[in-house]
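The following pair of complexes shares a single chain, subunit A, combined with subunit B in the former and subunit C in the latter.
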Partner chain A sequence: MSATLLEVRNLQTHFVSELGRVRAVDGASFRLESGQTLGIVGESGCGKSIMSRSILRIVPHPGEIVGGKILYQRDGESIDLAALDPKSAEIRAIRGAEIAMVFQEPMTSLSPVHTIGDQISEAIRLHQLFSKAAARERTIEVLSLVGMPRPEGIIDRYPHELSGGMRQRAMIAMALSCEPRLLIADEPTTALDVTTQAQILALLRRLQGELGMAIMFITHDLGVIAQMTDHVIVMYMGRIVESADVDSLFYQPQHPYTGALLHSIPRLGSSQPGGKLNVIRGSIPDPYAVPGGCPFHNRCRFNDGDRCQSETPIMREVRPGQFASCHYAGEVDLEGIALAEATP
Partner chain B sequence: MTAYVIRRFLQMIVIMLIVSIVAFIVIQLPPGDFVDAYVTTISGGETFTQETIDALRAQFGLDEPFLIQYVKWISNVLRGNYGVSFQHQRTVADLLGERLPLTLAITLPTAVLVYLIAIPIGIYSALNQYSLLDYLFSFVGFIGLAIPNFLFAIILLYIGSQYFDANVAGLFSPEYELAPWSFGKFLDLLSNLWIPVIVVGTAGTAGTIRVMRGMMLDEMRQPYVETARAKGLSEARLIFKYPVRVAISPVLSTIGFVLPALISGTAIVAIVLNLPTTGPLLLNALLAQDMLLAGSMILFLSLLTVIGTFVSDLLLIWADPRIQFE
Partner chain C sequence: MANLLEVRSLKKYFPIKRGLFSRAVGQVKAVDGVSFEVRAGETLGLVGESGCGKTTLGRCIVRAYQPTAGEILFGGEGSDKGVTDLARLSGVELRPFRRQIQMIFQDPFGSLNPRMTLLQLIGEPLKVNGVKDGNVIKERVAALLSVVGLRSETMTRYPHAFSGGQRQRIGIARALALNPRLIVCDEPVSALDVSVQAQILNLLGDLQSEFGLTYLFIAHDLSVVEHICDRVAVMYVGKIVEMTETARLYRKPRHPYTEALLSAVPKPDPRRRAAPLVLEGEVADPADPPAGCAFHPRCPYVIERCRSESPALHPNAGGHWVACHRAAELDLQGAN
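What follows is the complex of A and B.
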């Protein structure tokens, strides 16, 4: 396989307040190859956004990385992003230039009082030696790259003058303007309507083919994962519970949580009219009072009432290239679904 | 834009016309007129025959119907002739010419100081929420908001005269009070200006700090700040370019009405501190039903307010592209 771009080792990002400690990311480890599209999936609140912000070192206060390493590979050397000062020039030179991010809310993620062009060319001039005029040209270039109609006109527009889909295109253009090696897309289509969502996903697929950067694609929607990614990690309560290539994950899930997630996707034909969706039973435990043992035990139908509640399972290779953290992975019988069923 | 400015301008003329009528009516609302007020209070117990009273009425034009009085007055005002104050027996232009510059000498520096002090403190407090200085500014700010201006003026008067031997009442030291303008008198004015500026400006500063701090706290939580951070901007640069820019526009837009508010709001302070400003003049004119003086001053304040609002709106349009001309 190709070279490793990013390796996260036992990352722990916690929020400590008078209310207690929230382990938003609680010992996550994974590896991202350059040019790869890695999907990160999990119910909302499982720590996907905080993990991605940990990589860029923009975790909001009072969140803090309390342990682990984020090894970013560049020119044969390895930089531990977790060890950098979040205000340092070193991490700021990586943000936006080498690792860029697209956010969930295209409306509020752009400044309402600055033009699209102002916000994009700012990134260009921050990281590259561009004159004002050259930056403007480059901005028009990236705007047309993301399929923006009439980029010469749009560049002087304000976000409120554009539709949601166009704003998200502008966000993507901004993220791509410095040709990053890694693009983190945090639920980039969640706030959009279905048609626009499909257009943006198609755009990201095309851009990945053309530019070849690695993409970390975060979503709570397995349908989007099926369309977009090569490799998937499944998160639950700040931990990675399963890691596999997308086909294995869908056909032969190894963690009961993955299995439950797969069967909660609304699918055509599978449910009889009036039949209810297979939502995962129970609910996520209070983040301030996490029970011991396997974090999923209170919702798991394979809970043995003993080991599952007392011993935290460790990640192990269940099948070649497929890892899961469940005491009974490989023993319990989990039913997969066809990949095609997940993609509408 | 041009069309908007022209339309607003026409609106302003109409508003001023309405204001002038309302002002004229309101001034006349209390029972009696200037002659009654004069006869009962100002003249000091002298008795008047009915003929004298009628003659006085005729002299001031008070025997004419309301509409005629108004038309006469407004057409004079439009020609720049503000008439004579009944009370002072001097032209209104003269009286205002004497007091307006001093009023502006207090209010303009106050307005500038309010923003210069309040905006940076508001930003600092928001960025360092719950820090020691934030608590300190909040505490001082609440006191500044809570203490009535006249009480604050009295306290400063007391402290100033008791501990600093300062001349705290009036804008000038006795030796310059009646002297013609000179550099010495100017310096004397500056040395006496600080008390009214502090008294008049404190509440405004405290209020503006709260508004700026609240706006900044809201804006710092907005996702576009995270976007700017993810771009690689330094914290100082992104804060001033994004959240400050968004938070400051509603604050800046109050500049327009600060001026009239300060000018009319200083009356009580001016009375306590014995300042020769327009506030006490207006109050006395209203009490004495000195129509021409009161009318002109109200017109002037309204004009300031109307122009101020217009300036505010222009500032807001400039600061926030989401606001459309309508």
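What follows is the complex of A and C.
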């Protein structure tokens, strides 16, 4: 049994503007073990990115953590990241060093006016006592760790001189330069081509094996979730609707939203041309006007027209280790992916 | 089945300009000798990674670009001998054909004018093509909106009031306004969320059977392409490397690049965690493609001949076209 690295309890991150209040993260609780790969899946606007930014305390203005705890465990002591000042020395010592992040778009998250080497050695010298020369050496070391060809040459290049895949490798190198205990990867391969995506996913898998860090993998791509993660959290409208190990989630989903998502994607090697995909009706609700009761009720095919519309379901354990927030979880008949393949 | 479109040896080169007088110092061979046909009523998929030339090819066909060389033979109405070479027409001569070939774009946020209402957006192609009566336009727009699954009362609203999926429906309604024969769909679902993507794919399927449409479906997502296309052409650095029926291509690919593409897609099944065939290196630069086969620096099956001699696209048994010197001897892995 591995130790808990991070525990999020009833996290609430809200955005308040003249248009109203958006509950981007609305009461999320989960636990992350050290060395584990946790997947967070959901469609745009579900709060998955804001949740990860809440952990690092880099939520963009006017977002604010208004409730809950983010307990980070280090050497037997527990630090509540949610209670720290986002500008404090304490969080800055953790951010980038112990918990690092890789973003979706390496072109916008790397500085265009500094070389790759300067940016990585800055991160190194910020957190560790390294001389300039030693930092440069360490930079070359991490660049070769991420499979960068000719790291001695790449170190003096600017981001625009590199391809998308190379930039993403540079960003991963920067994130890993201080050997973090947790790497948060927010859609790290979404902007990349499939063959480049395969390279980056293989790289992350290898690095995790070598360095033993925990990875929080945020994506909308169920394929990436299935291939990369141990445990999965499904988010919808700022809430966690299901939490399960990856096998149970795909083969025995318990929340109607999870079930519907699994069947709305075309599956490589098994779809028939001209066949119909199962559709989730409607679209994601306006974040300023979240439906009452269960936030998914107006798109759910099991909506009972009564309790689902009035009472917000709470997370409960439906099967051992598998949690879902649906009044009818365990009662409704949801198909996992194995059954879908059997049907002609 | 009759061919609606035949593309022959199509080329589109973009000059690379440098210096004070913008002298051309080189060429990007975005599309470099592509030939294929699209049969009436079918969906032909065009897949490849970014920079392979698939979008440029689509834009040549709708004649947003003037091709550098080659023929685009269109068998639609208004041609004298049944077929017309669109590549040689310009300006006013193209007009009757523009109506018959429409395009759906990737980005539903960038492709609709934010200052026009739906009535203006969808009615504009009608107006341009001579429909003057405002009531007729209104009726037609209302009908088009209901065809794509939007309420006709929404025609007075502006695009910002709609979600990504709804905007894509607006783009589709606009493309349908003039009863086209061929629609070039350029990544129509890649900007959409998965649940909405399924709605749009189903809508495109419904419209095809209702109106007898022919699609050229440009995409990078191989699962989506498998779902919607009858035949698929795979592009790499400006050339088609493989083309055949969808089921055959996915079950038994003959080109090493297709095999790698299929293998690279993360399968949404945690019990099938095979390590993918990871290609080394990156897509070749179309301004400076490698000698011989453009794929040879990344190909795991490369032999000496591949480095010097460029393979031509050859038909094999059953209409399976492959451009690879070793196509006959290799036993490649499909999806599954």
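The rule we apply is simple: the second predicted complex is superposed on the first by the 332 of 344 C-alpha atoms of A that agree within 3 Å, B and C clash if a C-alpha of one lies under 4 Å from a C-alpha of the other, contacts with A are read in each partner's own complex, and residues count from 1 in each chain.
Keep this in mind: a residue touches a chain if its C-beta (ideal position, glycine included) is under 8 Å from a C-beta of that chain, and two chains touch if they have at least 3 such contacts.
Nothing here was measured: the structure is a model prediction, and the numbers come from that model.
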Once the two structures are overlaid on subunit A, check if subunit B and subunit C clash or fit side by side.
fit
Report for A:Ile284: first if it touches subunit B alone, second if subunit C alone, otherwise both or neither.
second
Determine, under the contact definition given at the top, whether A:Asp247 touches first (subunit B), second (subunit C), both, or neither.
second
Mind working out whether A:Gly209 is in touch with subunit B, subunit C, both or neither, as first, second, both or neither?
neither
May I ask for the angle at the C-alpha centre of subunit A between those of subunit B and subunit C, rounded to a multiple of 10 degrees?
70
Which partner, subunit B or subunit C, touches more subunit A residues
C
Please indicate which partner A:Arg92 is in contact with in the superposed arrangement: first for subunit B, second for subunit C, both, or neither.
first
Minimum Cα separation, subunit C to subunit B, after superposition on A (Å):
5
Subunit B-facing residues of subunit A, complex
53, 56, 58, 60, 87, 92-97, 100-101, 103-105, 108-114, 119, 122-123, 126-127, 158, 160, 171, 174
Please name which positions on subunit B make contact with subunit A in the complex.
222-224, 226-235, 241-242, 245-246, 249, 319-322
Contact residues on subunit A for subunit C in the complex?
43-44, 163, 165-166, 193-199, 201-202, 220-228, 246-247, 249-251, 260-262, 264-271, 273-280, 283-284, 337
Quick check on the complex: what are the subunit C residues that touch subunit A?
43, 49-50, 163, 165-166, 193-199, 201-202, 205, 220, 222-224, 226-230, 246-247, 250-251, 260-273, 275-279, 282-283, 334-336
